[in-house]
Structures are given as structure tokens and as C-alpha cells.
């Protein structure tokens, strides 16, 4: 097990401790539970709070998107498992500035049920909450079932937009609507080349013969829509872009934001080789790129692979993406 | 070979093309050779230019440190091999604003000889150059031979400081002195857990049995000072920090900048587990951390491993680190 | 069954059900991430402890709520959240109730099942805990007394569990396996069945 | 040897030396990164082409500088830079020279070797190209005529190459191997030896 860790059961808490030691001016534990992190200035009176959460092992997702112009707090689960409803609720209380709290996170069963329970608890304390789920993985469900899709890297766009909306003083309904509008216009698809090793058991997260790739994989190694021999960067990129363009029904004259995301072990160099092809492919269709992100934004420990996300832009969405934001892991200046 | 590439021989050029397509407002090819990248506003009249360079496969090193308050240009070699003297020279011409050019890069034979040749060519065209070599890898040579040490991740500090000095209008001698002062006070040591795969041949960059680690490894897999069974994160971190503290002769009351750098495949989570221990270890010695960086700053394709760099701080050095900087891969705001 | 007995019955059942932790772990390993054994073990322990600390005079509804809270946080997961939500929903059917009889138990289980199905957007046949909980609730409801109702509920749950084997998982992590989920037994449904069995082993069902 | 002959001699030698590309690749694979075969192949091709395009009347010094420039950029690497630097240094000893004789050749090789040693911070015994180039320069210098001087230089280089096997690499990538470099033959020194051999095979040494 090629991991730089101490006791596997201490992994998550020690990682969080490292994050707080490194960024005490930006993040804090609001109470005793290390698994809850909020902006150092939380709660911000009069502004909508945004709570996200999910399993560990996806840095910079989720904790990395807590900051100015981003989420206000996060509840952190074990590797690839949900935080508890109590933790989601504590995060809610810690960020509530009186204007309500948006729950914004990826669509995974455990997370949904725990956040829903937290919402019940919040209601008992008269904290208004709304929920928007990241649901961008087009490989996880066909378009007719898109409410059921998993949330993957494209959730970044929703964080960015909702955070910007909250920062400028939008109401809870408005912030939720901004996030939902982004989710509705975001599509992601990924490819996996090698599994991750789960720190607690040392087991591989999934099984993929050498020289094969899984197209449509999820960020925990969920199977996709095609498994076959590894293809060239261009062929892979074309597969992904074609699927995303079809899903978003992009046409000549449209503009998009592009995110080429590394799953962990894939070198940044390869992500730029892919970006090059994304650019070629979109431009040749008359689709322009209004904003781009290339790097590791939602990982799966040391999985090799990458995903591409597209967000169909309009002026509002672009403005929200371009608004300033700052966390230890993400900056927009 | 788990790589998202097209023809291996096109890898470097396609990657550079992707970078320019993604960041046209920040970087450009000054001429026809794709292997030379400079700041979009180069040359900046009256300011010292800084040229770096080296092999590919280390992103964000080296190209990532071309930007405002950083280097002015870079000459890019094939994976793990030097750029040509002609490319170094072309980069020199493209960034020369009349105030001379500093060559600042890691101490590796091929790079040194090619930059030295470029310096000869520059002299013929009356461009004044000086050279400062990153030489931070304490495992590569004992302290008596520290002029001969390899340059690894800690070169980041020198880029940052030299770039800030150039930006504020220092002379070539002053910029070189600032860089040299940083190099003299920087120490790095790394650990490798798995090799990288060379794109051209598919061969492994070095050979390390599963469950073993190489302490003191270089960024191309150069052997270190100890090979043995993989240890805990704390034990590894202690080994590295102890060696660095001894090398820099840090004492109670000193302050340092810390860089915990991932080699490529190691998850960011693990780097924070290490940072936590670095913090504990330094604090317990009365050494304070004035600035920290945790993430991937100098990689070796998909090698698993990490390095720790320490820079002994004083007010001048800290001010140079904290000066604003901006490249597509590095921001200080 | 009044509060004191109820607490004792729950605690004894939970000490029983953890004996199935390895079975549940293995089933969840095959279809999911293998944490269900831990969820049950830690959850049971947390509930037992929480009930220990409950003030005298807690009503059955309060007892159920204490169970929910403890179970929810012991090992956060799908099962922890769904079961906790189900217990809360069940507890609402026990407003002003002091003595839990078979009818109250049936109401409780039915409400819990409905809540889980709703929260989980699950129907019978999706190969989840809902497959076991629904027929069990019906059997309890149809039961003439506690003992026969419980026996019928256990039988119904067991049948449902066996039936999950031939189904394809449509919810949760197991759904990621798609066709490969067919042939494997649902861990959540199994947990429900084992819990009912443990309730019988642990106590005197007639006391309902 | 005047310019026209010199160009022809260089081109023919280089066509000869590339036949050793596989040997050099294998040696560099064992001690380094395996690119020396490519460096020699691409470098030789680039030099041949550059000489083709040289204007009539180029002096021997200009010819050497053209070789340097072409070789430096064909496949950037340690060898490319060091050899190119050596050629430039050598060319400085040919100022105002029209006819390259054995003495001029010896001066050239000596200057090139000194330059490489200085730039590479290398001494004889560090297991590099310097180990082969220095004794070859001396042998040329001691040579009575072109033919015997060249034979002696080749013999000296060959001996040096064989001797590198028992040495530990102290420079370049090979130094990373530390003790494991012992027993392996230095690729750079081998390249020098093969080049001298190719010079003999390709031409009429007496023409020096």
C-alpha cells in the first residue's frame, strides 16, 4: 500500500488537522468536532450560508471549496463515506447568519439521507434550508433520468456560482436558483485508468486490467458505459466531448466553461493534452470557451484518470464564475 | 502504460499547445519554436528578465512559474531532458528588456551545459546574463559539496523571490543576489514510493519493490540515502524534517517557509497529514512557520511520493515570498 | 410493553443482532463498501449506551427518538441515516402512547418503512431494506398477538431477503454494479430480517 | 586538408558513426536515459545537412562552428551541449587556418577536451567522454603523421573506454547510480572512440 499515512483510522482527522494548521486564517472548526470546517469569518450576518459535505479522499473537493465567494462550511465523512446528519446540522448552525442555509453537494445516497435528516433538525431550530444536488455525471443516468445523476467534478461550477450569489447578498431562494441553474446546464464525463487504494482496508476501489480504461467512471470507481482497451488522448477526449455536447445540446454560437479534471495520479501534462483537444473539438463546432479550468478539482485519492465538465454559459453564469473567490485550494482574482 | 497521450513523440508539444490555448492572456510563444514560452507581456522594458528551463514532466515546474512576479520565460525540453542551448538563447532574447537576464534553474548537467552555451551566445549579442542554480536537494550531496546539489522543489522559493525582485526593478546583480540568497538557505528532501512511466519508451523511471520507499530520491528517480520498508507518515516526515533542520542549522526562534510537495500520484490528503507533522516537529523546536505551501509544485509525472522544503526566513526573504505573483499555475495575492 | 421493558427489549435485541455483523459486512462487501457490519455494531453500541442515559420516565416515543439519534451518528452511512429517519417517523405514531402493543408496533414499522421508501425514493423490488420492512410491517399488522405477528413478520422478511437475490439493485452503491448485482443478497434487507429475529430471540414477544 | 575535403571527410565519418547508434543507446540505457543513440543519429544528420548548406569558401573554423550549432540543437542533451561547446572551443584554435594538418587536429581536439572538462567540471577518471578525448588528443599531438597519429589516438581512446568499465561514474546521470555504475562502460567515452574509428574508416588519414 503506497500511502504516506499513520494509522488508517486517523487519516481523515490528521488530514483535517493539517489543513487547519496550514490555513488558520481561512478555516476553522466551529466546535469540538474536527469533521466540521467553516470559513474563519463564519457566520456572516445577513448572508446566506452554504454547506457542502461528503466523503474524504476527493481533495480539493469538498473542503477545498469553503471560502470567500464559495461555500461557508463543510461536513466531512470518512474516505468515500457520508458525514453524519448531526455533523451536517452542526455545520448548518455554524454558518447560519440568519438568511438561511443552502445545502449544495453531490448526489450520493448516504449524503442525501444525512443532509435531509439535518434539514429536519435545522427546521426544528427555525433555520431555513434548501437543497441543490450536483448531478452532472452524464454516464450515470440517461438524460430522461437526469435528476438521478451522480454529482462529480462539475459541482465546482455550482459552488462557484452559489458562493458568488450568496456573497453579493442574494436571498436563499435566489442562491438556490443560481445553483440549480448551473447544475441544469452542467455535464461531466470521466475516464478511469487505475483504481485507488482504500486506506482502511488496503483494498483496491475497483478492478481494471492494465491497459484498459473505463469510460464514464464515477469518482469512487463506479462503473461507466464502456470498458475497453486504452485509447489515445484524442480519441478519449472526443468520446467525452461528443457525449457532453449532445447532452447539453450545444450548437454553433454557444459558449461554455470547460473543466478538465485530474482524478489524482494522472499528470497535469496529460490534462493539458486533453484540453488542447477539447479546444479543437469545441471550436470546430462553433462553440467558444468562455472560461477554463485545468487541474485537480475533484479527485479520487490516487486514481489515474480524468474527467471533462462543460457548463453552458450565459452572461449571468459567466459573471458568477468570474466573481472573486478565495479558499486555500481555489482562487479567482 | 496508463497514460492519456497520443503519439509519445508529440506529448510535449501537445501539452504546450494545450497550455497556450488555455492561457493565451498569460503566456505566448515568442517565435516559431513551441518549446519556448514567455509571459504574454514580454519583454518588459527596463526590467531584468528571468529565464528558466529544463525537462518536461515536472508540471507546474518549470513552465508554471512563468508569470507576473515570477520568471519571464522558459525553454522546455523533452520529458526529463534538457532544452537546447538555442532554445535557452531564444528565450533569453525574447525576455530581454535591456536590463539583463538571469538564468535560474535546477542544477542538472544537461541543463547547465545548454544554458552555459546560451550565455555564450547571448554575450555575442550583448545581452548580459547571470546564472543561479537551484541546489536544494540535501540528499544528493553532503553539505561540504552543496554547490553540487541537485535542484528540486525548493527552487520555487528562488523563482518567487527573484521574480519579486525583478518586478520591483532590482538590477541583474541584485536579482541574482536575491535568488542566490534564497538558494543558500533552502533545503529539500524527498521520498519516493513508486516510479513513473516514461512516455516515449513505456519504461519505468526506476525500480522500487512494492511496500518499499526510497528516502532522498530526486525528481527523476535518482537514488537517495536510504531504501527500506515504507514507514508511517510521521516517521517519514520526522526523517525529512530532522535532516533539513540539521542542514539549515535551524534553532529556537528561527522562522521558515515550508513547502510540502507531492510528486504526482500522492493524494493531497497525504500531504496535509505530512504538513501536520512538519508543523508539530518545527513548533516543538521553537521554529515558527512564516509561510506554507502544500500541494503539487514540482512533480515527476505519476510518481508517488513527496518532498519537504524549508527556507530559513528573514524579513527580506519573507517580503519577497509575499509579493504578488500570478501565473496560470501559481498565485500569490 | 412499557418504557422500562421496551428499553430492556431493545438493548437485548441489539446485543443479539451484532452477532450478525460479519454476515452483514460480507454481504455489503460484495454489493457495496463493506461497512454495514461496522454500522450495525457501532450503531447498536451507541443505542444501548444512549438508552442507559435516558432519564427515568421517558416515553416510548422519546425512547425511539433517542435510538434514532444515537444510531444516526455512530457510523454515518446510508443505513444509519435511513434507519434513523425511519425511527423518527415511527416515533411520531407513538404520540401520547405509554404501552407498545402489537398494533402500535405495526404502525411504527409501517411508518418507518414508508419514510425510508420516501426518503430513499425506493419501491419494493428495488432490492433494499424496503423489500424486507414492508412485508414485515404488513405481517405485524395482520398478527393476532405479538408472538404470531412477530413470527409472521420474520417469515415475511426472510422470504423477501431470499427474493432480493434474483433482483437487480436499483438504489445506493449496489446499483453501480448494475447486472452484476444480480445473484447477491441485499445487506440492508438482511439487516432488517436479522433484527426481527434478534427481537424474538432476545425477548418475550407476547409482551407486545 | 582544405575545406572541401574537410567537409567531405566529416560527412563520411558521420555516416559511419551512426552505425554505432544502437551500441551507444544500449550503453546509455544501462548508465543513463538511453538517448545517446538518438543524439548521435540526429546530431550526425543535422551536421551533414548543415555542411551541405554552408556557403562556398567557408573556412575550417566556420565549418567547425556550423557543426557545433547543428549538433547542439538536433537532440538537446549533455552530449549535444558538451560536444558543441568543445567544437566551438576547437574552432578558436583554427583562426586564420586554411589547411588542417595533424598538428591543427591535435590542437583542436585538445582545446575541445579542455573545454568539455572545464564546462563539465570533469577530470580524467570521472568516467566521461573526457577520459577518451584527453589521451586521444595527446596521441594525435605525438603522432608523426596523420595516419600513425590517428591510429595511436584510436588505440588510446579504446584503452580509455575499456578502463571506464571499472570506474565509478562521477558526473551526469550515470553518477546517480553510484556504486552500481561500476562494471558498465561509459557511453560518452565510447562515442568518442567510435567517432575516431569512423574517421579512419571514412577517409584517407594521410590527407591530414
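Should a chain be cited, it is by its letter among A, B, C and D, assigned in written order, with residues numbered from 1 in that chain.
We adopt the following convention: a contact is a pair of C-beta atoms (placed from the backbone, for glycine too) under 8 Å apart; a residue touches a chain by one contact, two chains touch by 3 or more.
A quick note: this is a predicted structure, and the numbers were derived from the prediction, not measured.
Novice: Tell me which chain's centre, taken as the mean of its C-alpha atoms, is farthest from subunit C.
Specialist: Centre of mass proxy via C-alpha means gives D as farthest from subunit C.
Novice: For subunit B and subunit D, what's the span in angstrom between their mean Cα positions?
Specialist: Measuring from centre to centre gives 33 Å for this pair.
Novice: Where the CA atoms of subunit C average out and where those of subunit D average out, how many Å apart are those spots?
Specialist: 82
Novice: Could you please state the distance in Å, as a whole number, between where the Cα atoms of subunit B are centred and where those of subunit C are centred?
Specialist: About 57 Å separates the centre of subunit B from that of subunit C.
Novice: What positions in subunit D touch 2 or more of the other chains?
Specialist: Expected reply: no residues.
Novice: For the protein chains shown, what form does their contact graph take: line, ring, star, complete or other?
Specialist: Contact map by chain: line.
Novice: Would you please name all pairs of chains that touch?
Specialist: According to the stated criterion, the contacting chain pairs are A-B, A-C, B-D.
Novice: Which of the residues in subunit B end up touching subunit A in this complex?
Specialist: Going through subunit B, the ones touching subunit A are 1-7, 11, 14-19, 21-22, 56-57, 59-60, 191, 193-194, 210-211, 230, 232-234, 236, 264-276, 279, 292, 294, 296, 299, 301-302, 304, 306, 326, 331, 333.
Novice: Inside the complex, what are the residues of subunit C that reach subunit A?
Specialist: Touch list, subunit C to subunit A: 33-35, 69, 72-73, 76-78, 80-82, 84-85, 88, 119-120, 171-173, 176-178.
Novice: What part of subunit A is in contact with subunit C in the complex they form?
Specialist: Listed in rising order, the residues of subunit A that touch subunit C are 77-78, 80-87, 109-110, 113-114, 116-117, 120, 201, 218, 222-223.
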